[in-house]
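Working notes, beginning with the structure itself.
Chain naming follows the written order as A, B and C, and within any one chain the residues start at number 1.
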């Protein structure tokens, strides 16, 4: 189907690597070898506080709460001030359940709307499968939760996570993701609201992805 | 300690006081200085322009004459020429005869400030110079030979000299050998950033370890009618040497 | 599109130097980028170790590139991706246009991909009757302006906000404004519809993981996620050198790339895409096509000095550090890859005859090597290329001059006749004029140091 090109390219790689051998022998190595690099100091702050600080540093919002009641209050505070409340939620039933605990007047609610529909929503709410404290990052995988559009298209994204889901470092999370039996077709890392500096290197928040990101951390679970 | 002086072709033809000052400073700190009159050039111009065969011929001449020297060290008032001698390893890579000879000579070749500080452990040569001055880090000296604190230490010990750190001291002056004449407009545009920084520093002199940079910087300063002088580190260190 | 050519770099550069707007924009951008990179690197105490580790990983991949590519392809195909091999730009474009046409695609949305700029994919898609929309803000701006990118990660860096405002006013009817937020939200609103209607989404690839068949794409804006989630077909185009052996290696590169490129700890989004969705009702495209592009890369494997060119992770740090780029900007190089890395890969990708000036357009200061996250020795590469070009393609007068120069420099007696040297130098290049237009020339000493020493 494309095998001529495949064989040509692989053949070209092999023959050029072979041609390099006499020159490789002449190279004087500079002595730098591979060194294991994880030497991040262990912070003294709690992992939730560290996540919060990291996320706020990139213009995200974060609130640490305890239990369903407080989650619901946080949701009320965030959504309550929005002019319109067409809400798209992910297919994690927790999200809808927590939303029902609020007494918000919701104009419209849809579970994981599809590509044709997603553009009319004002808020997207999801959970996450993991988080990273050192960078303020949410980790979502498509096998566990339909997150791709809900966390991307509406101008506001709210993510509800548990404190116990937060890892300290990026390296730890990469190990966890990869060791899952079958790597999910789409894993997304989200660190703050969307941004660009393409115009005169001036920061503008809110480009194609959400303009606001809120993360609610439940420390109780 | 016996030192064989490699003055460089640039100093030999265009800036002899750098060579004279280097000899003076080395003697002042107790070295016996010899000068091999067969020396010509380190081959950098050919090497940098891509004429490696020609570079090899001239490098071989350098190696031949300097390996004969019984001196403890070969010392040069140029970071770029000293770096070039270190690059002989690339020029003679895979050559069973010349590579070891090139490596042996390179191991004995030092830039002046590096020789004073790292080899002789001398930080104060007893110089005096009144005025405000600054230092320009020549690229090869800085990045190939890691010369950073050495010249600054030597300058700070010059009595009467008020040293100010230049903004972007480590930015290129725009010389780059044949680059300065192949792309003169770009060379001067880069140079003007350096000149602006020098003017903002409000100094009477700018010092560097490479005569090539000083030619570039000095040539523009004088064209602009500036009163700022350029001085080679050797000239500064040879100034009013006292007990 | 009026691309400048690499062959006229000297003229391009002169024109750039005369453009005050451009020089102002460049000065701001490169110094800001440089400061941010420096601060971000300083925040990691093990920065130097990371650079060494990244380079070691890249050296390992490149020395066994065929094996790692096959591993990547096998794992990606097992997960439903379709792999296409493209020997050159033409083949890549024809594969992509063919796939798009077969699917009766009318609108294609693209996220930023230097590789597709390299192949001039957009022109091919348009010739095949498709509408192409660049969605990265910087790429969108230059698409409207009909210009090539001038920087590897910030394509519109050469434009002031005033110029962008005028552009949006002319092309989109937007009232003139200096407000960056308003300009950005206009682009956001205009492009939203295009995402929704697109038949095909085309992206690049930052890293391709051999162990899992995963492609990793990083961004700040969200347009890559939109491009790779909404349309039913996703095509990812990557140079063959983008492979990394193991998933865990991403830890090293995700620490180096954002910090080196923009000074960020992490970009806003990373997408890790492994094959296609499992259920038809799942989110995401129906099809994933990965196009592997050679286009001269495999040739670079033939020598250790050139092989390191392929270690590049396209961060742009070398551009910001380069005194030449800082003065003339990206367009002067006449290549989608400008700056120091561009000066070494453009002649290798496009052929030396098309870009023979570029390796000489450098003062060899080494600032690029200092900031490169994978420790590419660009000055050494430049010298290597000069060594390939000069003896064969240098001006005859220059080649002869250096031959004569060598004969003189080998013979102390000849050397001492310094006027001979002076005459040689003047013959191959008008030394005096090129120098003296902007600088005074130091007079030759009346006595050389050799003569002074003899006097003593």
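Heads up, the rule we're going with is that a residue touches a chain if its C-beta (ideal position, glycine included) is under 8 Å from a C-beta of that chain, and two chains touch if they have at least 3 such contacts.
Keep in mind it's a predicted model, so treat the numbers as computed, not measured.
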Chain ID, smallest distance between chain and overall C-alpha centroids: C
Most distant chain from chain B by Cα centroid: A
Pair exhibiting more inter-chain C-beta contacts, B-C or A-C: A-C
Rounded Å distance, chain A centre to chain B centre (Cα mean): 53
Between chain B and chain C, centroid-to-centroid distance (C-alpha), Å: 34
Separation of mean Cα positions, chain C and chain A [Å, integer]: 27
For chain C, residues that touch 2 or more chains besides their own: none
Sites on chain A at which at least two other chains make contact: 27
Residue numbers of chain B (touch at least two other chains): none
Chain A residues within the chain B interface of the complex: 25-28
Residue numbers on chain C that touch chain B, as the complex places them: 10, 13-14, 17, 323-324, 326-328, 360-367, 369-370, 380, 383, 385-391, 394, 398-399, 402-403, 405-410, 412, 415, 418, 421, 429, 431, 434-435, 437-445, 447-450, 452-454
Parts of chain A lying in touch with chain C, wherever the complex brings them together: 2, 5-6, 8-10, 12-14, 16-17, 19-20, 23-24, 27, 32-35, 37-39, 54, 58, 112, 114-116, 119, 134-135, 137, 142-143, 146-149, 152-153, 170-171, 174-175, 177-178, 183-202, 204-210
Chain A-touching residues of chain B, taken from the complex the two chains share: 89, 93-94
Residue ranges of chain C touching chain A (in the complex, touch as defined): 25, 28-29, 32-33, 45-46, 49-50, 52-53, 55-57, 63-66, 69-70, 79, 83-87, 91, 95, 135-138, 141, 154-157, 159-161, 164, 180-181, 183-185, 187-188, 191-192, 195-196, 211-212, 214, 220-223, 225-226, 229-230, 240, 247-248, 250-252, 254-255, 262, 264-278, 282-284, 292, 294, 298-305, 307
